[in-house]
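Below: a set of structures, written as C-alpha cells.
Next, two complexes with chain A in common: one pairs it with chain B, the other with chain C.
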Partner chain A sequence: MLIYTVKRFFEMVIVFFLFLVISYLLFNAIPGNAFSSLLLNPLLPPEAYQKTIEAFGLDKPLYERVQLYIINFFKGDFGYSYTYYPRTPIDLIAERLPRTLMLFSIVNVIAFYTGFLVGKILAWRRGSKSETWITIGSVFSYTVFYPWFALMMLWFFGYKMDWFPLGKFLVPEKWYDSPYTSDEIFYTLILFVTVSSFLLFLVFIFTRNIESLQNRRNVRFLGLLSLFALAAMYWSNGEAALKRFYAADIAFHMILPTFTVTLVAFAGTALLTRTTMMEVLKDDYILTARAKGLSQKRIRDRHAARTALLPVVTSFIFTIITIIDGSVLTESIFSWPGMGQLILEAVVQEDIPLAMASFSFIGILALIAHFIADISYAFLDPRIRIKAEN
Partner chain B sequence: MENQNIERDIKATLKKNWRLFRQSRLGITGLVIVIFFGFLAILQPILFLTNVWDEATYHPVVGYDAEQVTRTVVECPDEYPTREYETKEDCPRVDEVNIRYLKAFNIQVEVGDLYESNVQPAPPSSRHLLGTDSLGRDIFSQIMEGSQVAFLLGLISAIIGVGISTLLGTAAAFYGGKLDTYLMRQSDLVLMLPSLPFLFIISAFAELKVWHLAIVLGTLGGLGGSVITIKSQALQVKVKPFVDSARITGGSKRRIMFSHILPNVAPLALLYMVFSVTGAIASESVLSFLGLLNIDMSWGIMIYLAQTEGFIFTGLKYWWLILPAGLAVTLLAGGFYLVGRGLDDVFNPRLRRR
Partner chain C sequence: MSQKLLEVTNLSMHYDTLDGNVDAVKNVSFTVNSGESFGLVGESGCGKTSVAMTLLQLQPDNSVITEGSIKLEGKELIGLSENDLRKVRWDSISIVFQGAMNAWNPVIKIGEQIREAMREHYPQNSKQENINKINELFKMVGLDESISERFPHELSGGMKQRAVIALALSCDPKIIIADEPTTALDVVIQDQILNEIKKVQNLLGLSLIYISHDIAVIAEMTDKIAVMYAGSIVEIGPTQSVFESPKHSYTRALLDSTPSIRGEKKKLRSLDGEPPSLINEIQGCSFSPRCPSPSSGCKNQSVEMGLIQIGEEHFVDKCCSECV
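On to the complex of A and B.
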C-alpha cells in the first residue's frame, strides 16, 4: 500500500509540473502581448507595473519565464491583480478557495451517497414501473442543461416561493454591527462541518460489523441523534452562541446551491451503479446467496452492492472533475463568491495574473482530488495495489 | 461471390442489431427525439428556399416582425393582492395593458377598450408558432438554427474525438511499452484538466466559432478517458485466436491493427461517439450562456438573452423565451444519451434481458 502511494505521489508530482508548464504556455499563446492590457489599465500605479514585469520576467526569453513562473508559484507570488489592484491573486484565492471547497465537498458527499442508494434500488427493481420512472428522472437530471435548470430552481424556490435567498453569500444588512468578519464565521462553520462529518463517519465505521440489519439501523439512528444533540450543545454555549446568528445566515445561503447541484450530480452515479449492479446480480454467488435463503435486503446490501461499489468509485474520480466544472457554473449563477466566479471574472475582465493563479489552483484542486480518489480505490481493490507493487 | 456473401452477412448483422435495438424502449425514444431535431434542422433552409418563410421576417438573427397585438386596457391597482391579480408581477397580464403606461404617452383610452399595438416579445400566434423575442425575432426559427448548430458541433467534435481516441487506444494496446505509458499519462493529464475553466481561458483570447469549438472539444475528448477504455477493449481483442492466426499467416503489424483489431473496437467507439455528442452540446450551450462564444444564434445564446434581459424571473409569463431553448438542449442531449443506452444494450450482451 505504502509503495503504491509513494509511486502515485511521484507520478502526481510529474503531472503537476507538466500542468504548470502547460498552463503557462497556454497564457503565453495569447496573441500579442499577454500582459498588454496592463499598459491600458489606469488603476495600476507604475510600481505595480514594474513589479509585474519583474515577477513574470516579461523581458526574458520563454524558458526563463517558465522557470520563473514555477518558482513564483511556490513562492505564491503572482504580482498584482489588475482589477482588485492593491490585492494580490494569492490573497484573493486564500479568501475564495475555502468557500468553493466547502460547497463542493458537501455536494460531493451527498451526491455520491444518494446516487449509490438510488442506483442500488433501481437495479434491484429492474422491470418494474417505478424503475422506468426513476430512470427517466435520472436521465433527465443527467442531461438537463444545467444553467437553465439552476436558474429555474432559483426562480421557483428563491423568487416564486421565497423560501431561499436569491444567491449571494450573506445578507449585508445583518452584518452591519457584526463583531466578526464573514471569514471568521465561515472558518468556524468549516470546522464544525468537518468535525461533525468525521464523527458521523466514525459512527458508520463502528456499526459496520453489526450483523443484524435491524439492530444496525437502530444504533445508527441513535448515533445520529446524539450527534444532533452535541451540535445543539455546541451552538448554544460560549462564543459559538454569539456566532450562531451569522453562521445561520451563511448556512441558509448554502442550502439552495447544494440542493440544486446534488439533484444534478447524483444522477450520473445512480445510472452507473444501476449498470454495475445489474452485471453483479447475474453472478453465480448471488444465486448461491438466494439458494441459502438469505433475505432480499441482505443480498442486495451485503453481497451485491459491495462488489458493485468498485467501478462506481473509479468513475467518481472522473466525476470530481465534472463537479469542479459544475461548481464554476453554480457559483456564477448563485453569485457564490468562490474560485469559479473568480476565474470567470478574471477571464472576462482580462485580469491575466489572477486568471493564471486561479486556473493553476483549480488544476491543483483537481489533481489532489484525483490523487485521494486513486489511493482510496487502491485501498478498496487489492488487485490494483498488488499489480502496482510487483 | 465472396463479396456477395460478406454483403449478406453485414445485412444480417445489421438486421439482428436493429431488432435488438428496437427492444430497448429508451433507445427508441432517444432515436425519435434525435430524428425530430434533425428534421427541424433541415426544415429551416427548405422553408427559406421555397419562400414559405420570408427571410426578412423569419431570419433567426436579423429578422424582424412587428406583430400587431390587441390587448385590453386595464388599470392596475395600487395594493395587492386583489381578486384578479395576486402580485404586482401579474398585472398587466400578457393580453392586457396598463392605462397609466398609455397615459404617460398621451394616448387617450378608457379602461375596457381594446388597444392595438406592436409588442415584443409577442406571444405565440399562428404566424409565430413560439412567439418572438424582445427584438421581434421568431423563436421557432431560432430553435431550428440552434439545432443546426448543435448537430454540426456535436457530430464534428464526436467524429474528431472518436477518431483520435480509437487510433491512440488501439495503438497503445497493440504496441504497448513506452508509447502505452506516454499515452496513459497524457490522458491522465487531460482528464485532470478542469475543462470549463480551460475553455474559459481559450475563449478569452481566441474568437471561438462553432468550428473551433468543435475541434477543441473533439481533441480534448479524444485525448481523455476514452483512450483508456478503448485501449482496454483492444487488449481483450488482441489475445483472441484470429489475431494470432493473422500474425502466423504473415499479416503485417499495420494490417493486423487496421483490419483485425480496429473493426472489433469500432462498436465501443461508436458508443463513445454518441455519448460525447451529449457532452459537446452541453459545453457549447454553457459557453454561449456565459457569453464567451462568437456565435450568432444558438440555444445557449437564447437562454443568455432571456437571462440578461431579465425575463428569467418573470416565471411563466414569458414562457416562450425560457422554456423552448432550455428544453431543446435537454431533450437533444438526453436523446443522444438514450440512443447510446440503447446501443449499449446491443453491444453489451451481458446486459441483455433473457
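On to the complex of A and C.
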C-alpha cells in the first residue's frame, strides 16, 4: 500500500510538470503577445510593466521562458494581477479559494451523503409508490437546466419570499464598524466547520463497532447532542461571542446557494446509487446473505450498499475536481466572491498572470483529487489493493 | 435414523414471465430423514434449483407457489414471515449454491462473512468462540486457518468452495442442500470436494440434499434418489434399487448416457431431443416425445402424470410403470 502510494505520488508530480508546460504553451499561443493587454491598462504603472517583462522573461526565447515560468512557479511568484494591481495572484487566490472550497465542500458532503442514503433506500424499495415519485423528482432535478433553476430559486426564495439575501457574501452596512475583516470571520467559520465535522466523523467512527443497533443509535444521538452543546459553548464565550454576529451574516448568505447546489448534486448521487445498488442486489452473494438469515438492514447496508459505494466515491472525487470550474456559474448567479468569479474576471479582462495562476491551482487540485481517489479506491476495494501491491 | 426431517408434499411452483408461466416445479413430493442423503438428478433446466430455493423460501420475486407444503421438523415453511424464516435459515437448513464461486462478497474477509452468520444465530458467542469454531471447520474441510483473514479473490475456486462448505456448516444446520457444488471445478478438485462433503456429512450426522445433473455422482453420494424431468419427479426410490432396476425410460436413458460406475463395458447412449418448454402446459407424459419405447398409453394425452409404487419405497411415474 505504501509503495503504491509513493508510486502514485511520483506519477502525480510528473503529470503536474507536463501540465505546467502545456498550459504555459497554450497561453503563449494566444494571438499577439499574451501580455499585450498589459499595455492597455491605464492603471498599471510603467514599472509594473517592466517588472512583469523581467519576471517572465518576455524578451527571451520560448524555452527559457518556460523554464523561468516553472522556476517562478515554485518560488510562488506569478507576477502581478493586472486588474488588481498591486495585488499578486497568490494573494487573490488565497483570499478567494477558501470561500469557494468552503461553500462547495459543504454542498458536496451533504449532497453525497444524503444522495447515497436516499439512493440505497430507493433501490431497496424498488417498485413502491414512494420510490417512483422520489425517482421522478430526482430525474427532474438532475436534468434541469441549472442556471435557470438557480435563478428560479433565487427569485423565489430571495425575491418573492424574501427569506434569503439576493446573493453576495455579506451585507456591507452591517460591517461598517466591524473590528474584524470579513476574511478573519470567514477563517473562524472555516475552522469551526472543519473541527466540528472532524468531531462528527470521530463520533461515527468510534460507534461503528457497537454491535447492537439500538445502542449504536443512542450513543450517536448522545454524541451529536454533546457536539451541539460544545458548539453553543464556543459561540457564546470569549472572542467568538463578538464574532458571532458577523459570522451569522456570512453563514446566512451561504444558505441559499448551498441548498440550490445540493438539490442538484444530490439527485445525481441518488440516481447513481440506485442504479449500482440494483445491479449489486442481483449478485449471488446477496442471496447468500439472505440464506444466512441476516436482517434486511444488514444485507442492505453491509452487503449491497458497501459495494455500491465504489462508483459513488469515484463520482464524488470527480466532482471535487470540477468544483472550481463548476463554481463559475453558481458564483456568478449568487454573486459569491470566490474562485469561480475570479477566473471569470481574469479571463474576461485578459489578466494573464491571474488566469495562469488560477488554472494552475485547478490543476493541482485535480491531481490531488485523483491521487485521493486512487488511494481511497484501493482502501475500499481489496481487489484493487492487491493489484496495487504487485 | 428414520426420523422424518424434511417433508415436501405436492409442491408446485411457477415463474411469472412475459411469455407466460414457467411451470418449474410440478407436484413434487419427497421426504428426507435425519442423517440421510437424498439426491435430485435431472437435466439442466428441469427445476432442481427451483426446488432448492423453495426449500429455503428464497425463490425469486416472480415465482408463485401454487400448492403444497414444506415441513421442516414438522414446521410449515411456506407462508412463514421473513423474520421467522431468518431464524430457520442457516440454523436448521443451509445451502451451498450452484455457482458458489460468487457466493462471497468480494469486499469482506472470509472469516468475517462466516462470523456474521454465527453472530446472527448464536448472539451469545464471543468472538473468540466463533473464531475457534471456524478454525475447526476449516480443518475439517481441509483449509488453513489463515484463510479467515483473506478476501475471496485471493482464493482459488476449490478453496472458495471448501470455505463455502465451512460456511454452510457454521451454524450447525440439520440439513444441507448442495446444488451442483462441483460443476464449476476441475475434475480432480471435484472429487476432493465430493469426498469432503461426504466425510463431513457422516462425521456430523447431517442430512444432505445433493443436486446434480450427473447421475454417477449422485450414485456415489446418496441413499435415496429422485429423478426429475420437466419439473416433475418421474422416479424416486432407494439409490440402490433405482440403479439396479431403473423403471422409467428417462432414468434408464440417464444411466445409459453415463459411463458405468461399476466398470461394466456398456455402449454410451445419449438421449435424442430436447426437454420440453416449461411454458406450455404439457398434456400426458412429458417424456413421451423423447421416449425410445413409448407405448400407446404414453401418447394418450388424457393420462395424468403421477407416481405409483413398484417396490419397497420405490415409485415411478404411472406411464412407465408398465415398461420393461
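The criterion applied here is as follows: the second predicted complex is superposed on the first by the 385 of 390 C-alpha atoms of A that agree within 3 Å, B and C clash if a C-alpha of one lies under 4 Å from a C-alpha of the other, contacts with A are read in each partner's own complex, and residues count from 1 in each chain.
By our rule, contacts are C-beta pairs under 8 Å (C-beta built on N, C-alpha and C of every residue); 3 or more make two chains touch, one makes a residue touch a chain.
What you see is a predicted model, and the numbers here were worked out from it, not measured in a lab.
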Putting chain B and chain C onto chain A via the overlay, clash or fit? fit
Identify the partner contact of A:Trp148: answer first if only chain B is touched, second if only chain C is, both if each is, neither if none is. first
Who does A:Gln296 touch here: chain B (first), chain C (second), both, or neither? second
Examine A:Thr307 and indicate which partner it touches, taking first as chain B and second as chain C; both and neither are also allowed. second
Does chain C touch more residues of chain A than chain B does, or is it the other way round? B
Return, as a multiple of 10 degrees, the angle whose vertex is the Cα centre of chain A and whose sides reach the Cα centres of chain B and chain C. 80
Once the shared chain is lined up, is A:Ser335 touching chain B (first), chain C (second), both, or neither of them? neither
Please indicate which partner A:His370 is in contact with in the superposed arrangement: first for chain B, second for chain C, both, or neither. first
Based on the superposed arrangement, let me know which partner A:Thr114 touches: chain B (first), chain C (second), both, or neither? neither
Return first, second, both or neither, reflecting whether A:Glu279 touches chain B, chain C, both chains, or no partner chain. first
Once you lay one complex on the other using chain A, what is the shortest C-alpha distance from chain B to chain C, in Å? 7
Would you mind writing out the residues of chain C in touch with chain A in their complex? 56, 58, 82, 85-91, 94-95, 97, 99-100, 102-108, 116-117, 119-121, 151, 153-154, 167
Chain A residues touching chain B - in the complex, by the definition given at the top: 11, 14-15, 18-19, 22, 26-27, 29-31, 127, 135, 139-140, 142-149, 151-152, 155, 159-160, 275, 278-279, 282, 318, 321, 324-325, 328-329, 332, 340, 343-344, 347-348, 350, 355, 358-359, 362-363, 366-367, 370
Would you mind writing out the residues of chain A in touch with chain C in their complex? 211, 283-285, 287-296, 298, 302-303, 306-307, 380-383, 386
In the complex, chain B touches chain A at residues 26, 185, 188-189, 191-198, 200-206, 225, 278, 282, 285-286, 289-290, 292, 299, 303, 307, 312-313, 315, 322, 325-326, 329-330, 333-334, 337-338, 341, 350-351, 353
